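Below you'll find a set of structures to go through.
Note that subunit A is present in both complexes that follow, paired respectively with subunit B and with subunit C.
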Partner chain A sequence: MSAATAHAPVPAGEPIPSTPSRMGLPIRNGKLGIWLFLGTEVMFFTALIGSLIVLRGGSAAWPSQETMHVKLWAGAVNTLVLLTSSYFVVVALNKLGEGKASAARGYLSLTLLLACLFLGIKAYEYSGKFEHDLLPGRVPETAEMARYKVLAATEGILADLPPADQETVKDRGVRDAANTLASFIRNENPEAPALAGAVDSFHDSHTGAGRWLPEVEVIPGANLWLSTYFLITGLHAVHVIVGILLLAIPLLAWNLSRAWFPFLENAALYWHFVDLVWIFLFPTVYLI
Partner chain B sequence: MNPSSQAPAKPQAAADDHPHANYLAVFGALCALTLVSVGFDLLPNPPKLVLAALVFGVATAKAYCVMAWFMHLKFEGAWKYIVLVPTSLLGLGLVLALLPDIGIHYYTVEADSDVTAVGPVENPPGTGVELNETGAGE
Partner chain C sequence: MAVETPTDYAAGEAAPSPERAAVPAGPPGYAEDNYLNHTKGLMSWLVTLDHKRIGMMYLVGVMSAFLLGGIFALLVRAELWTPGETIVTAETYNRFFTLHGAIMVFLFIIPSVPAALGNFVLPVMLGAKDVAFPRMNLASFYLWCGGAIFFLITLFRGSLDTGWTFYVPYSTSTETAVVTALTGVFILGFSSIFTGLNFIVTVHTMRPPGMEWFKMPLFLWAIYATSIIQVLATPVLAVTLLLLAVERTTGIGVFDPAYGGDPVLFQHFFWFYSHPAVYIMILPGFGIISELISTFSRKHIFGYRFIAYSSIAIALFGFLVWGHHMFTSGMSTVAAFVFSLLTFSVSIPSAIKVFNWLATMYKGNIWLATPMCYALSFIFLFTIGGLTGLHLGALATDIHLHDSYFVVSHFHYVMVGGSLVAFLGGLFYWWPKMTGKMYNDFWGKISALIVFLAFNLTFFPQFILGTKGMPRRYYNYVPEFQFWHQVSTVGAFMLGGGLLVAAVVLVHSLLRGKKAPANPWGAATLEWQCSSPPPHNNFDHPPTVGDPYALNRVVYDPDTRSYRQIDEFSNGGTPQQTAKV
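Presenting the complex of A and B:
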């Protein structure tokens, strides 16, 4: 029944013609399922990335990429890595559709290698954050917060020292220096540069003593930056891991053939979505 | 795992109906667009809003390439709008809902980046930094 016929005026008293019903969409159930799932993922990541942008716009201060040790080259390389992996997945799908299972297996292997490379570069970036103590809730945003942080670390050093009757000359030196630093902070209420100088002096005096105070760098807005950074990039990394597992299933299947096409198509759609999210994360985190 | 138990009756038919495109050309365009966005970032002191518009414009073009050809949405029917339009609107809705209070509030929030004299540091209870005169922890 054509649309024109279906919507033709019905004279009064005439029965309304019934149209044949057709349930569902013209795609496989599995494909519909993965697209519905991806729809929820669209909402999830749109809300996350959008919230980051809104929070950034509404924040009194937002640290620069240089301050937060963000490496542009790492983000750019990771972008190219994910784009290449997406290309390999779609080629693998094509090869499988043509019945070339071994070629498909090769492209899937390359995809998984690139996925692991992506995670490795991400881990390298994370390690830099840990190295500089750039973690949510750990970065002083005012000079007062910096003083509290150094005082707390000083207390930790003093608590770790052995009792006075067992301490070495080196320990005694550390104790005196820590006490001097604590008194300086409590009595002089130093500004951030003076505090950093005092911490540097402590380190210079006790190099090799194994007692370290945190870096004193006051970065307004850093904790919100770090919270959003770790939340969004961490959740994206979780999606990368799930994608690796999904693509590993056909790769490891002993009977890989065209019968696997629907499964690989669904897994590939998921992988392209992971790539899609990173396409927007890259400018958000690394470029602006 | 054998997918044939869950797959449609004729998975080969799905493979046969699979659309094809010049994926290598799409991949080349994606790489070029990535380099363009990095190039924008290397411009000398561009205004932030202009830079954001440029790099997100490039990102949108890359997303279109991935969705249209890699995800084959260019070859799919109108059902794609049923799935993607409502979810995109709902995702953007949350962001727009946050704007009035956080993104475009009328009042000014200033960061306390300047160090102000707040008097000698007093250790608030429970902060774990209560030091006595000799510096020993209490």
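Presenting the complex of A and C:
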């Protein structure tokens, strides 16, 4: 009843009542705005994860996590790290709501610490991919592609060797081995295992030379796997960085007080979203 | 007693009655201190947070883009005057039609009604002082400018020849400036999201007392539905363009079959945005037409709730039909069948609107002012555009008509005959409110007539060409097609002339037009309750919220040459006339 009277049109000539000043949802504009913005983010990541699912379903081959050197423990730890950070940001928000600015600062610092830890573990995982040359467009998917990759690398080593008059014994050895390998690749038309064996013997005889050929593991579907992996986890990491920047603003604010509550609430909602995306990414990338 | 309907303010002579003679500056309702002169100087515009000024800046921006896109359209039509080379080479022709499409879609049609007219009208219509996030609103405008700058860079550095759809694998291999253009579209996407997000929050939280959902004018329902699409569909376009840009610049490739990627996935993603985007373009037009038909039929809108719900229904259905762009791209029979069925289902809410407009006009007191002429033109052209869409949604006929001039003609009937004509109708309708000036109604009607005739002359022959087998985007054609191509080209230049007449009418009104009263059309929505142009804070007095289509409560007051709400008379004078409904 009270709602009906409040919404009744105001008769002409009478002063407009001061309450209610407006209708509609009883929440802050900013809070509704951030929820809608998160709606756009949901669509963004839905499209990305959707593309992963469609490509995976449509591919003739899709490598397993072990083949791609995915570290399950790293993903699991990162999940725990992000979930805990989401908990701390809620505690920080509650403390700020109670007016305890310094306690809020403490919990915010914990949140940011865990966020940085997440990025650190992510960077460790990425470095592993770089180390094994597991990068989009660089993994041979057939024996033929593996041959070309080793051949190109071998010729690169030959081109990098110093001029003949300054050759050390070691370099001469590398040159001979590389030449042997190159002619083996050109003439023998080896299958992948034979090629891997030849590369291994090259490495065995020249461990000290410091010039390594790339791994020639043939992984069908690996390039597409890596494309989606780097795109999705990379764009998630970009969102983590944006979240860190957002949460750092109240942390560094000299006048942190309850007036910052709406800002921190919006930033915390965003942080929960970043967390939520990871909840979907972890099983998609690490488990299934 | 019949309502006296003034038809031409510009030609009319101001004859103030003795008791009104004390107001010499303009009709009552004309505000000498308004948002246009509230503050002065270039900076007061560039950093303004006033939604009305941002709307005006958007208007200038989108009209400039429209001019540029229109020039490319005329160049395309000029080239097609003869088979083979007429004025430019095939490579240049590819750039012309690409730039015409990309500029018109991304820089003009999508922001035209929501960002330009919507920004001005939405808060006033709602009875609010501004949008929910004025700074985000300004940021949206500058993002639009940023996107436009990237398009200009594209124009001068390598151009673009992929077609506005950026289909892979051509877009990953062409030498033209694809990444620059993609960046432009990406930025424009943010601009669009900001506008949509802002409008949704404004409608949810900024309504004044009494403005219930079902007391909102239908234009607001349409803009609200549009905003939902803008917020939910645009991010998918962002992902698509991001993946395409990454594919072009690095080895990462999800669309490249060489790495196992899927080019059809690009088409799915692209149309997942771009089909709903068609409704971003047309839904605000529906909203404008609902306002115009009711106001100029002097009659309450018929089927208010049906029109309101059909806007939301179109927004939701619009997300489920993208596959009909890809019937020939390789799709399972089941998927094609489902997409075809869903496509047909969109025609239901669209038809609901058209029938309700016709029912509104039935036995109405139709006033053929310029905006109404555009509205009638809209109904005619949109109906043709909509019905030919069903030909394309039908699986069997689509195989024949796909990528032909039939498609070109179909979407021009919807985008130009629909969106552009509705935009012009809305522009002529709200122009007195936006600028405080009345234009010459006679020449306004002439412009509407020329646009209507020339448009049909341009695009109806293209239906014929399409069914005869003329493929779209082709530079050359067999001599048998030349007659229809020449008819179409003549029509295109006449259409340009008609739009020029409209532009002259509006610009002339700025220089010589009579000052506009608060409510020249006798509409019952809130924006006509504030003065013309609106004051800085929109309303000097809080508006009285009532039925937005209660046109029988709005009567013409010959003393002031303006319409007034009957309620206003109860405070002082007595109504001179009562409206007949």
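Throughout what follows, the second predicted complex is superposed on the first by the 262 of 288 C-alpha atoms of A that agree within 3 Å, B and C clash if a C-alpha of one lies under 4 Å from a C-alpha of the other, contacts with A are read in each partner's own complex, and residues count from 1 in each chain.
Note that a residue touches a chain if its C-beta (ideal position, glycine included) is under 8 Å from a C-beta of that chain, and two chains touch if they have at least 3 such contacts.
What you see is a predicted model, and the numbers here were worked out from it, not measured in a lab.
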- Task: Have a look and say if subunit B or subunit C is in touch with more residues of subunit A.
- Result: B
- Task: With the two complexes superposed on chain A, say which partner A:Ala248 touches: subunit B (first), subunit C (second), both, or neither.
- Result: neither
- Message: For A:Phe230 in the superposed arrangement: first (subunit B), second (subunit C), both or neither?
- Response: second
- Task: Could you say whether A:Pro136 touches subunit B, subunit C, both of them, or neither, answering first, second, both or neither?
- Result: second
- Query: So, does A:Thr40 touch the first partner subunit B, the second partner subunit C, both, or neither?
  - Reply: both
- Task: Considering only the touch criterion stated at the top, classify A:Ile27 as touching first (subunit B), second (subunit C), both, or neither.
- Result: both
- Query: Is A:Ala103 in contact with subunit B, with subunit C, with both, or with neither (first, second, both, neither)?
  - Reply: neither
- Considering only touches as defined above, state whether A:Ser59 meets subunit B (first), subunit C (second), both or neither. both
- subunit A positions within both the subunit B interface and the subunit C interface are 25, 27, 29, 36, 39-40, 43-44, 46-47, 51, 54-55, 58-60, 141, 221
- Task: Within their complex, state which residues of subunit C touch subunit A.
- Result: 132-133, 136, 193, 197-198, 200-201, 203-212, 231-236, 238-240, 242-243, 246, 250-254, 259-262, 265, 268-269, 272, 542, 544-546, 567-568, 570-571
- Query: Touching subunit C in the complex: which residues of subunit A?
  - Reply: 6-10, 12-13, 16-17, 20-25, 27, 29, 32-33, 36-37, 39-41, 43-44, 46-48, 51, 54-55, 58-60, 135-138, 141, 221, 223-224, 226-228, 230-231, 235
- Within their complex, subunit A touches subunit B through residues 25-30, 35-36, 38-40, 42-47, 50-51, 53-55, 57-61, 72, 76, 79-80, 83-84, 86-87, 89-91, 93-94, 96-97, 141-144, 147-148, 151-152, 154-155, 158-159, 175, 178-180, 182-183, 185-187, 189, 191-192, 218, 220-221, 249, 253, 255, 258-263, 265, 269, 272-273, 275-276, 279-280, 282-283, 286-288
- Which bits of subunit B are touching subunit A when the two form their complex? 1-4, 6-8, 11-12, 14-16, 18, 20, 23-24, 26-27, 30-31, 34, 37-38, 40-41, 48, 51-52, 55-56, 58-59, 62-63, 66-67, 69-71, 76-77, 79-80, 82-84, 86-88, 90-92, 94-95, 98-99, 101-105, 109-113, 115, 117-121, 123, 127-131, 133-137
